[in-house]
Amino acid sequence: MTEPLILTLSCADRPGITANVTGFLFEHGCNILEAQQFNDRESDRFFMRIEFDPQSSRREDLRADLAAYAARMEMEWNLVRRDRPRRVLFMVSKFDHCLASLLYRWRIGELPLEPVAIVSNHPREAISHTHIGGVPFHHLPVTKDTKSNQEEQVRAIARDTGAELVVLARYMQILSDQQAGHFAGKCINIHHSFLPGFKGAKPYHQAHARGVKMIGATAHYVTTDLDEGPIIHQDVEAISHADNPDDLVRKGRDIESRVLAEAVRLHLEERVLMNGQRTVVFKG
Amino acid sequence: MTEPLILTLSCADRPGITANVTGFLFEHGCNILEAQQFNDRESDRFFMRIEFDPQSSRREDLRADLAAYAARMEMEWNLVRRDRPRRVLFMVSKFDHCLASLLYRWRIGELPLEPVAIVSNHPREAISHTHIGGVPFHHLPVTKDTKSNQEEQVRAIARDTGAELVVLARYMQILSDQQAGHFAGKCINIHHSFLPGFKGAKPYHQAHARGVKMIGATAHYVTTDLDEGPIIHQDVEAISHADNPDDLVRKGRDIESRVLAEAVRLHLEERVLMNGQRTVVFKG
Amino acid sequence: MTEPLILTLSCADRPGITANVTGFLFEHGCNILEAQQFNDRESDRFFMRIEFDPQSSRREDLRADLAAYAARMEMEWNLVRRDRPRRVLFMVSKFDHCLASLLYRWRIGELPLEPVAIVSNHPREAISHTHIGGVPFHHLPVTKDTKSNQEEQVRAIARDTGAELVVLARYMQILSDQQAGHFAGKCINIHHSFLPGFKGAKPYHQAHARGVKMIGATAHYVTTDLDEGPIIHQDVEAISHADNPDDLVRKGRDIESRVLAEAVRLHLEERVLMNGQRTVVFKG
Amino acid sequence: MTEPLILTLSCADRPGITANVTGFLFEHGCNILEAQQFNDRESDRFFMRIEFDPQSSRREDLRADLAAYAARMEMEWNLVRRDRPRRVLFMVSKFDHCLASLLYRWRIGELPLEPVAIVSNHPREAISHTHIGGVPFHHLPVTKDTKSNQEEQVRAIARDTGAELVVLARYMQILSDQQAGHFAGKCINIHHSFLPGFKGAKPYHQAHARGVKMIGATAHYVTTDLDEGPIIHQDVEAISHADNPDDLVRKGRDIESRVLAEAVRLHLEERVLMNGQRTVVFKG
């Protein structure tokens, strides 16, 4: 098998669109390994994800033909190599359980990524529980006055390392609108509540005060609208009256770690497509 | 075994309180069948639920002694017969899945209740899918102008039937502050969202618009503060981008039915104690 | 929109198969509403489910063309009208919670079925908690000696009513091999355990004795191999040491009801395809 | 507050037992922080766990009095300091996700333990993804011929380090009956299936072959009866037809890690009591 490719696309829904797209691939000698589609009857939009073996077809030719084809069909599309690890920049503050979990999953080959940098507003010693190893670590403290400058440094690191995705792994600083806009669609955050409940700071304390019976976590794309970005994945767990805020923080770590890891996996495997303020997630 | 009793109580926490309370019962010849306690270190309050066999002790004597004892200890308390069905008044609008589920559970003996009345703002024909049988049905339509009068009728029915609990089984009218106050602590509502997310009307449509990946339901005591009452039970289920609002409504029915039934069971079995705006739930 | 159709099919996987099938539909003027496929790399088999609007194409012509096409492609296939309720025969013993739940879902239009008969080895009075209404009820008691005869009667009812699906809604009799074979692929059973754990009788008592921390239910197609048929759906719930077998039975009722209802819905919507001893379930 | 103690006990159930035990503590000046009890009506046995502040009472005196008291009451009991980390010996083979997760939880202070040794039948290089740091690592390969000797070495390490708990964190060797007996009640294993389904080797492959719709993991005490020991904790996750055995292994890692960590936490916090072949778990 040649190295498989993944094609994702969206366009206005119309009769014959599946046949048309899959026919295009067949004519180019490609063999589908996995395919999912979603016909959104609300927006009349069509979404598709196809994992395929290009066989003898040359990737450059395929890409050129696809570009022409997609232009005719007024499609948004993306074609990537399935097995090439994506360059990922991690940002973290003091709580490093999400980072530790992501790096472990990378090390055992579960997440197809290449960690190009870890940026923290705390020094490396503060992230002492995580096995950072040789991943470049950048301590970029941030204050009100230096925020703009610090964010520029982050953008520079992202540019220099060719980062394709920024993961906010419990990075407790709010990105400026400029920064959020710069990384739009390429920056995933984990919020430690079941959004839209308990936005903002200290969500576990809010949850305890309200007396809810379940807590959760939400992985979403970062937008300029805080805690309002398109949601990729969520999960929850039951709690009881006996759980104080510290217990919620402990239980929450597990939920946060697995929700963020799953969202990152879904993104890296090109399983998440934007549909306005919502996402289409092809779980496979 | 004599008919078991259930004692629930709360008071300021203090050394020896468990020994004190259980000692009281032992001295009165009572045998504990099940006991749970919660020492809330935040509020320094103690909560306890004890299911016990009173054996040869007379209930009236026990109650009198307990009253004196509780006064000395500055306790809030409640003593009830475990196996006496509680008189319940149900309120429902058009969607009757919660009502149908509750009545089925009553009929097979799962919920220890006696349904004394069903009140609906729709005529009996509108609740056509539920096996109402001989349960008295009251059609009390409500408009802006008649609301006050209608609520008075509901109070009259509750009074005349000796209703001990009012269950809003998808009753789609907002109770007035007066009515909510009247039934305070004795009225359970099911809200079709995972509160505090999506308060108010059409929560499934709100959930769809926001693009969340799970939907839920919340059973809570009714207070004058809409959708803000103490939460008894919650549950959720995963959804996907392919679920339109109608799918959410369908999936939600199951969650609502089981969350409300569980909350009603917990209440009827005296497993729910108030702790300010939150609840202590002794699951057993 | 014309009445939508559902096409399900499976065949050997081969390059271009998706384009081929969807191209066939496009050429016949059909418009896809929803489509899922699964390329099983283990068995090299291809599975597909397509919901489509046939538009102006005549169903008879489509069917004839499809038959010829499928023969050429060596496909197993099925074409049905999406919105035509399927005729379902229910079998039940004494515990009627699954039946009650299924009939309620039918009455409110959640399950697209037409109940053609209820068969029980107990008299109608034993199923007293369910709102049977006008659904024909057949009391067919069964003993060792009469089993063969009773099963013949069931087959006769199924034949006379044109039943397309038999649902064993807690029918506590084991079907003979002959009967299981007769209804192969058209008979769904609910087993009250998380198979393959706790096969056979009294699974909740087995679960309690083993001390598991979760109980579950399994909906599967009936085969001659008891409790070994292809699984359609499963779910579980946490339990604790404090749950005695009666508690498990109570908690289990909810799981059984929703697992069976979901399996029946998936089957009725043609979302379940056989893949040897396993199933492909296109959840939608 | 003095350092809290935890008392766990079990004895024949009898009237006044709660008052008796809590009275004993009150007379010794102890203040209860958290208490749970379970009256097992099946076995007529009483189980209790009490977390308390001994205040001015001296631990040695309390222990002596308790011993005398427990002898009179024919109680099994255990009294431990709540905040003293327990010495834990980990055993692991090649898959180190459970070990990595446990060590991380230890490092951030989530699990109150002191890792005294890691024993593996593979060399340290094989466990390359885990941040072992300064924890003593023992490579003890095992073959059929050396097994008895290797197990003796493990016992020696346990003895020399004063290990109080052995955690089999995906240790893929079956302990001999002698070894299992030696560590009885002090050795927790994680089995990668929802027991009693799929005992023995390669449970994910078994699960895939059977076509179940959920997979799980089970943490249990090791006994001489393989995969039959008392269960402490279990959890599951939904899977689909599209998950091949490798996907199950990946999804399973998360379940295994959190189920084992939770079981270890429950054990370390003295929340697990034996009740024959089953456990009483006071979740708190």
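We just call them A, B, C and D in the order they show up, numbering each chain from 1.
As a convention for this text, contacts are C-beta pairs under 8 Å (C-beta built on N, C-alpha and C of every residue); 3 or more make two chains touch, one makes a residue touch a chain.
Bear in mind that the values here come from a model prediction, so they are computed numbers and not experimental data.
Considering every other chain in turn, the ones in contact with both chain B and chain C prove to be A, D. To overlay chain C on chain D by their CA atoms, one rotates by 180 degrees, a value rounded to a multiple of 5.
Averaging Cα atoms per chain gives one point for each, and the point farthest from that of chain A is the centre of B. A count of contacting C-beta pairs for A-C and for A-D identifies A-C as the more extensively joined pair.
Chain A and chain B, compared by their mean Cα positions, are separated by 41 Å. Averaged C-alpha coordinates give centres for chain A and chain D that are 36 Å from one another.
The set of chain B residues touching two or more other chains comprises 34, 41, 240, 242, 283. Chain C makes touch with chain B in their complex at residues 34, 97, 100, 104, 107-108, 110, 128-131, 240, 242, 250, 253-254, 258, 283-284.
The residues of chain A lying in touch with chain B in their complex are 38, 40-42, 194-198, 210-214, 216, 230-236, 240-242, 244, 275, 277-281, 283.
Residue ranges of chain A in contact with chain C, taken from their complex: 15-20, 22-23, 25-26, 29-37, 39, 41, 55.
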